[in-house]
Amino acid sequence: MWHVQISKQRRRRQQQLQQHGRALLKRLERHQRQRRRWAWQATNMNDLHDGSFHAAISPVLVIAQCFGLMPVRGVRAATERGLCFTRCSWRTWYSLLYIGAISFDALFAINFALHGGLDMRSVEPIVFNGSILWASYQFLHLAHQWPQLMWRWARVEKHLPPYASWKEREQLARRIHSVASILLSLSLMEHLLSIISSVYHEVCPLRQDPVESYLYAVSAQFFHVFPYSNWLGWLGKLLNVLLTFGWNYIDLFVILVSIGLSHLLTRLTRQLQQLVERPMPEKFWTYVRTRYRSIVELIYDMDDAISGIMFISFGSNVYFICLQLLKSINEMPSTMHAVYFYFSLAFLIGRSLSVLLFVSAVHERARDPLRLLHLVPPSGYLSEVQRLANELSSDNVSLSGLRFFNVTRKLCLAVAGSIVTYELVLIQFHEDEKSWDCQAGKQ
Amino acid sequence: MWHVQISKQRRRRQQQLQQHGRALLKRLERHQRQRRRWAWQATNMNDLHDGSFHAAISPVLVIAQCFGLMPVRGVRAATERGLCFTRCSWRTWYSLLYIGAISFDALFAINFALHGGLDMRSVEPIVFNGSILWASYQFLHLAHQWPQLMWRWARVEKHLPPYASWKEREQLARRIHSVASILLSLSLMEHLLSIISSVYHEVCPLRQDPVESYLYAVSAQFFHVFPYSNWLGWLGKLLNVLLTFGWNYIDLFVILVSIGLSHLLTRLTRQLQQLVERPMPEKFWTYVRTRYRSIVELIYDMDDAISGIMFISFGSNVYFICLQLLKSINEMPSTMHAVYFYFSLAFLIGRSLSVLLFVSAVHERARDPLRLLHLVPPSGYLSEVQRLANELSSDNVSLSGLRFFNVTRKLCLAVAGSIVTYELVLIQFHEDEKSWDCQAGKQ
Amino acid sequence: MWHVQISKQRRRRQQQLQQHGRALLKRLERHQRQRRRWAWQATNMNDLHDGSFHAAISPVLVIAQCFGLMPVRGVRAATERGLCFTRCSWRTWYSLLYIGAISFDALFAINFALHGGLDMRSVEPIVFNGSILWASYQFLHLAHQWPQLMWRWARVEKHLPPYASWKEREQLARRIHSVASILLSLSLMEHLLSIISSVYHEVCPLRQDPVESYLYAVSAQFFHVFPYSNWLGWLGKLLNVLLTFGWNYIDLFVILVSIGLSHLLTRLTRQLQQLVERPMPEKFWTYVRTRYRSIVELIYDMDDAISGIMFISFGSNVYFICLQLLKSINEMPSTMHAVYFYFSLAFLIGRSLSVLLFVSAVHERARDPLRLLHLVPPSGYLSEVQRLANELSSDNVSLSGLRFFNVTRKLCLAVAGSIVTYELVLIQFHEDEKSWDCQAGKQ
Amino acid sequence: MWHVQISKQRRRRQQQLQQHGRALLKRLERHQRQRRRWAWQATNMNDLHDGSFHAAISPVLVIAQCFGLMPVRGVRAATERGLCFTRCSWRTWYSLLYIGAISFDALFAINFALHGGLDMRSVEPIVFNGSILWASYQFLHLAHQWPQLMWRWARVEKHLPPYASWKEREQLARRIHSVASILLSLSLMEHLLSIISSVYHEVCPLRQDPVESYLYAVSAQFFHVFPYSNWLGWLGKLLNVLLTFGWNYIDLFVILVSIGLSHLLTRLTRQLQQLVERPMPEKFWTYVRTRYRSIVELIYDMDDAISGIMFISFGSNVYFICLQLLKSINEMPSTMHAVYFYFSLAFLIGRSLSVLLFVSAVHERARDPLRLLHLVPPSGYLSEVQRLANELSSDNVSLSGLRFFNVTRKLCLAVAGSIVTYELVLIQFHEDEKSWDCQAGKQ
């Protein structure tokens, strides 16, 4: 209810608040300066404590480089200044070798598939190989842009409000590491289960020795052309492991970048949350607006850089969910197979859903400040606040898949609806005629 | 047509209007103060007359607690201050017992379903049990948050324009009670019809005594494991009643909360409607804006708290409508069965539609003020009005299902279209092969 | 390109323009006054020349009343003041008799359909009768509101810019009359073709005399219960004619109201078009804004009144297009049948499409002023212009089907896509088993 | 972070910047004047260097005229002033002759199709002929409007910021020529492949001589009526070539116009990009806004003129992609056929996708300035900037298909989703019963 009589007290209170506001601004600037000095020193310390995205994601990039992806130099460097990309490093050569190997594998897979009929299921290895091949190329391209992107990211980070505590500073790194380790362990577990279910519970053994039989099944595309030999089998298995890692890494990378971008927005929102109900000076809002703008520009740049990877991630996930649901109507040859199959299906759906939720979180975090701006008191609703509110409501910030679709939570239902429709129609093709086949243990 | 000559009279009229406006503001404030005093006294009187959402929904919550849902203390208290949640109250234990019992039932149902083939229909008891289990857990979680939510709700109510009359004050309570009693009686009627159609018009009797046969069919998941015994049959029937109530209560609760939220918006809009065409002072618009904002923030908070329940409500309704439509192509074994079946189908569709309409009303009520703001005369179109208009047009206020979908009237056609598509495809699976089976009388 | 040097001339030109503007305003007001005087006189003259919607639609309403729809009194009155609705007029009784007759027919149709199997095609007469029954009830309800709606409409018309010429004044009436006569003649032609194709090219004659056989087929729902008698046959045929007219009239009415509403918006836009590039005074913009607002409020009110009819119109059109497309895969028994069938299908699709285009034109006309506002010169971009622009861009003005869907051009593709999907799936039900049946000549 | 102490320097810097701004404006105007003078002289020089859309598209229009499309005079004229349309030119007569020939062909095709059953595949020649017939009529109509459109286009071009270099000036022409030559060569290659695969690898030879047999197959709709004769065969082949060119030209024309429109927006954005971070005077923003507005109005006008062609382009592409995917499940009679078929399918999908991407680029380019406006410094955020930002965020600029759908990147997924759904359902019609038929080599 509005109070007519209290205008005087109100004016006095406002002046006090504005004084508080100015004092607060000074304190914030002091913090900022201190933070910069501190950040400079921290480069020599444990890089986890830096609080930067570069430091947080570096262990994951190291793992990726072991599997031939993202051949950028200096991922373990203390600051993003250490990053660089050269064509002649061993990392690039390793990555090119990896891409070459997958290309060959893809050619064999196409050859193998062409000798069966072309349908939703026989096309599986081609889609699997093809999507990872495309993604690897995209990662190579991304490695080229990575140093610039990280420099821009660090610049954005530097101008954000300083962390309040050590705990807050480590939050990003801890979140990235826990998500990465959970996803990678689950994918490892899924892969081991696939091996166990194939080796110990062979259904239609292709060779006498179960291990040989497994290797034969895994590299069927090679042995369709060449006679069986152990070393080729192990090579095929190695490639299969690299591919499986690459397949999981696509989703993981997309998730981690989204976590990083959401974190930037959260930091800005957190500061806004504390100050939004006080009448702040115009300069504060200019600061908030330019900071918000710089984050959004970073998001657009990251989107340009990774939306190809995002497109593959979503596309292949939808394809494989459709395929696995289709397979689910088959009889399972043994309990072990059933356990593996449903674990694999749950993992696939869970991973796809978490990609969608983490990526769409960027969109939601980018909308949060708008809700806070509505709480600005009338005396503090200056032209800069209005401009920020207008820009926020007209913007549609989100990561996208080659800009063909924006990733928001709404996308989930649309995709689920399509999957159900396709599934219902596909099941009518009498897919049950094809019984459980031994070559399906690829992922 | 604009009138050039009348500017003088207009200015005079404006001044008069502004004086009227100020007088009005004073009167409103006086009312407001009176209202608060009055609200304080009313706590000792009949709580129906309080006009608060807490008082209006309390009888429904008492019924829910009889069935083990929403174990919050003090639902019959005079004000929301009496609400609290403790882990050690008998309500919580009763609720946990209820959840435990459903979990066991769900396990038996899964076991039972796995021994038939897995398809759209055999999965029914699992979906039925599972969705109620999840909802019960959500209600337990909600009970924890309920006191805080009701305190916030009461705070929002206290600052809204006072009721004009006793009739208006009772409107909310009467609406909630009538909706609750209609829905609960219909669900009771549907349940009794299901018993009658099963007991007196047995199709494929499983046991000689019709009552025993009915109990056998209702608790088929138990008797698949244990031999038949009367007490287990009655226990199964009791669980079945609890589940059926829980299933209906999910929808009812969602409807009642939506009615409450719509009511808040309506109260604000009603006041606006009377004053919008006069040039009101800036303070009035600040008041309207902050009140509107507080309601919207309450809606967002309620959405966070109940969107899980909303998701289950919509999901299970869509599934059961698909399933019942699919069953409708079967031959009915008797007229009694046909009557029950079509009553049940109509009840299901009617309930789902009313959930959608009541929940989407929140979205529509939240848009209403925007239409009114367009009627503000140019002389009264101050910066606060503009700010409110901007905020209203950029907001998208609505309840949601875990934010995967916003509930608006548009959703209805999308859902109906999907149901028709799925139905057409599903019917092609020759579901008619399965004749009317005796175990389907679960809900 | 901006011109630095010409600021002086510009200022002078601006002053001239503003003087022009004021002179223009005076002229417009004079016209307005003259127009009112003139409108008063015109009530005694040919009502076509009035230019009002009431006068334009009156002949169509007279025809509707012959067929028992819209029982409102005074549709031929010179002004909308002559309209009234009373329950005890012969029009109302005639309308109730009509509704009663359709209800009986619907009951017989349900009875007839229940003795065949329930599927997409046997349900046709029920949908046909049911939708017209609902629409008739809606028209009865609308008749009650019609006088108020027309008074509001006339008030809106009175304050719009005057017509420039006699030709412009007659435009609305001419448009309404030509659309009505084209649609009604086509529907008459379609009905006659249906009779000819049935009578002269009997496929499976039910009785010896071709006329008797035709009557027997048309009123099959009666003769399923009663033995054949000529008078019952003719009564059935009479009902059939009434129903067919009602079915066409639903669409026609929706089109005519949309034409009327679009016309209001066009009149405002036309004036705006001439003046938008000059710097007009604030009052002009207040006038435009309030006029636009009054039209939009009228559209919302009309939508509340007719959106039930709109819903039936769209729903039944989609159903019948699906059904006719489904029938199109049958063999035609003769060329005459083929001619009738494809004419009927083309008429149905054409009518549905024109409903959609005419109704969605309201949405498009309501967006037009926004495009014009972008042309306002900077010197004339006053706060009222900005407010109008803001309101226009946040509004979403359109007619709707019970607010479940807004009718815009985009709807067309969505509906067409759904029809194609349903059609493809439906055709798979082997509908061709059912050969062309003699009872299908109902519409 | 905002800096409290530096306000003085800032003000000084601002003044400097504004002086720079003014100096810049003068320079820009000088350039502009120079450019106009220069443009006048350029009419006598190589028209490629003019940088105008008229000059850039003229060679493509000349080719189109060879095939009877777009009968407008003066396409090779130095400026757009040379364009005119008269009904009595030989171009118009040639075009009418072309339309007449296609109409006859279409009639024969309908006759031919009616003697087979009507389904998705036999309807192909009708759709092919019909869509080109409609498009030809649209091109004739467009030729009538072309001179006016090009005059407006030239007026818009004249007021845009001048080109910075010769390279930039030639960019549009080079882009248009390269896209046109790539698409036309690919379509030529596809047509030749179709001839080769038909002539040298005849499957079911209709006549002894392979060429005669090919001609027979190509003009099957004629030889269904008339006996075989060589000249009629060659006439049919000629028509077939004309049709195939027309079919490809529809897409090409839509792409080229989109490139032209995107180019206009890019020129404006490029200038904005350089100046947006400086505080520019109000006049600059008025200039930008009116220039942007004139481009948008041109886009709306072009959309009115070509949206019919756009609709045919999208509709026929969706139909033919569905059809070719459906054919892809057939066995190929020879490797040559397989090569042709997959090349043809890839060409079709690639062409359709590039139409979508080029056309949707107009929408994206029209959004770009909004992103730049967010970078305007607070001191330069004048009311004109705000107005431009508001207009940009409320506008929805894009080309459309008869306004039934707006062409944006989002459309792509919707269309792809529909194609997959239709495809899955269509395949179930056992289309494989129909083996590869010799008449399908039409395009």
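Per-chain numbering from 1; labels A, B, C and D assigned in written order.
Going forward, contacts are C-beta pairs under 8 Å (C-beta built on N, C-alpha and C of every residue); 3 or more make two chains touch, one makes a residue touch a chain.
Given the structure is predicted, the values throughout are model-derived calculations rather than measurements.
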Any chain that touches chain D and chain A: none
Chains in simultaneous contact with chain A and chain B: none
Interface composition of copies chain C and chain D: same or different, split at half: different
Centroid distance [mean C-alpha coordinates] between chain D and chain B, Å: 51
Approximate Å spacing (C-alpha centroids) for the pair chain B, chain C: 36
Residue list for chain D, restricted to those that touch at least two other chains: 390, 393, 421, 425, 428
In the complex with chain C, residue positions of chain B that touch it: 1-4, 364, 370-371, 374-375, 378, 381, 386, 389-390, 392-393, 409-410, 412-413, 417, 420-421, 424-425, 427-428
Chain D partner contacts - residues on chain A that touch it in the complex: 25-26, 28-29, 32, 159, 282-284, 286-287, 293, 296, 300, 383-384, 387, 390-391, 393-394, 402-405, 418, 421-422, 425-426, 428-429
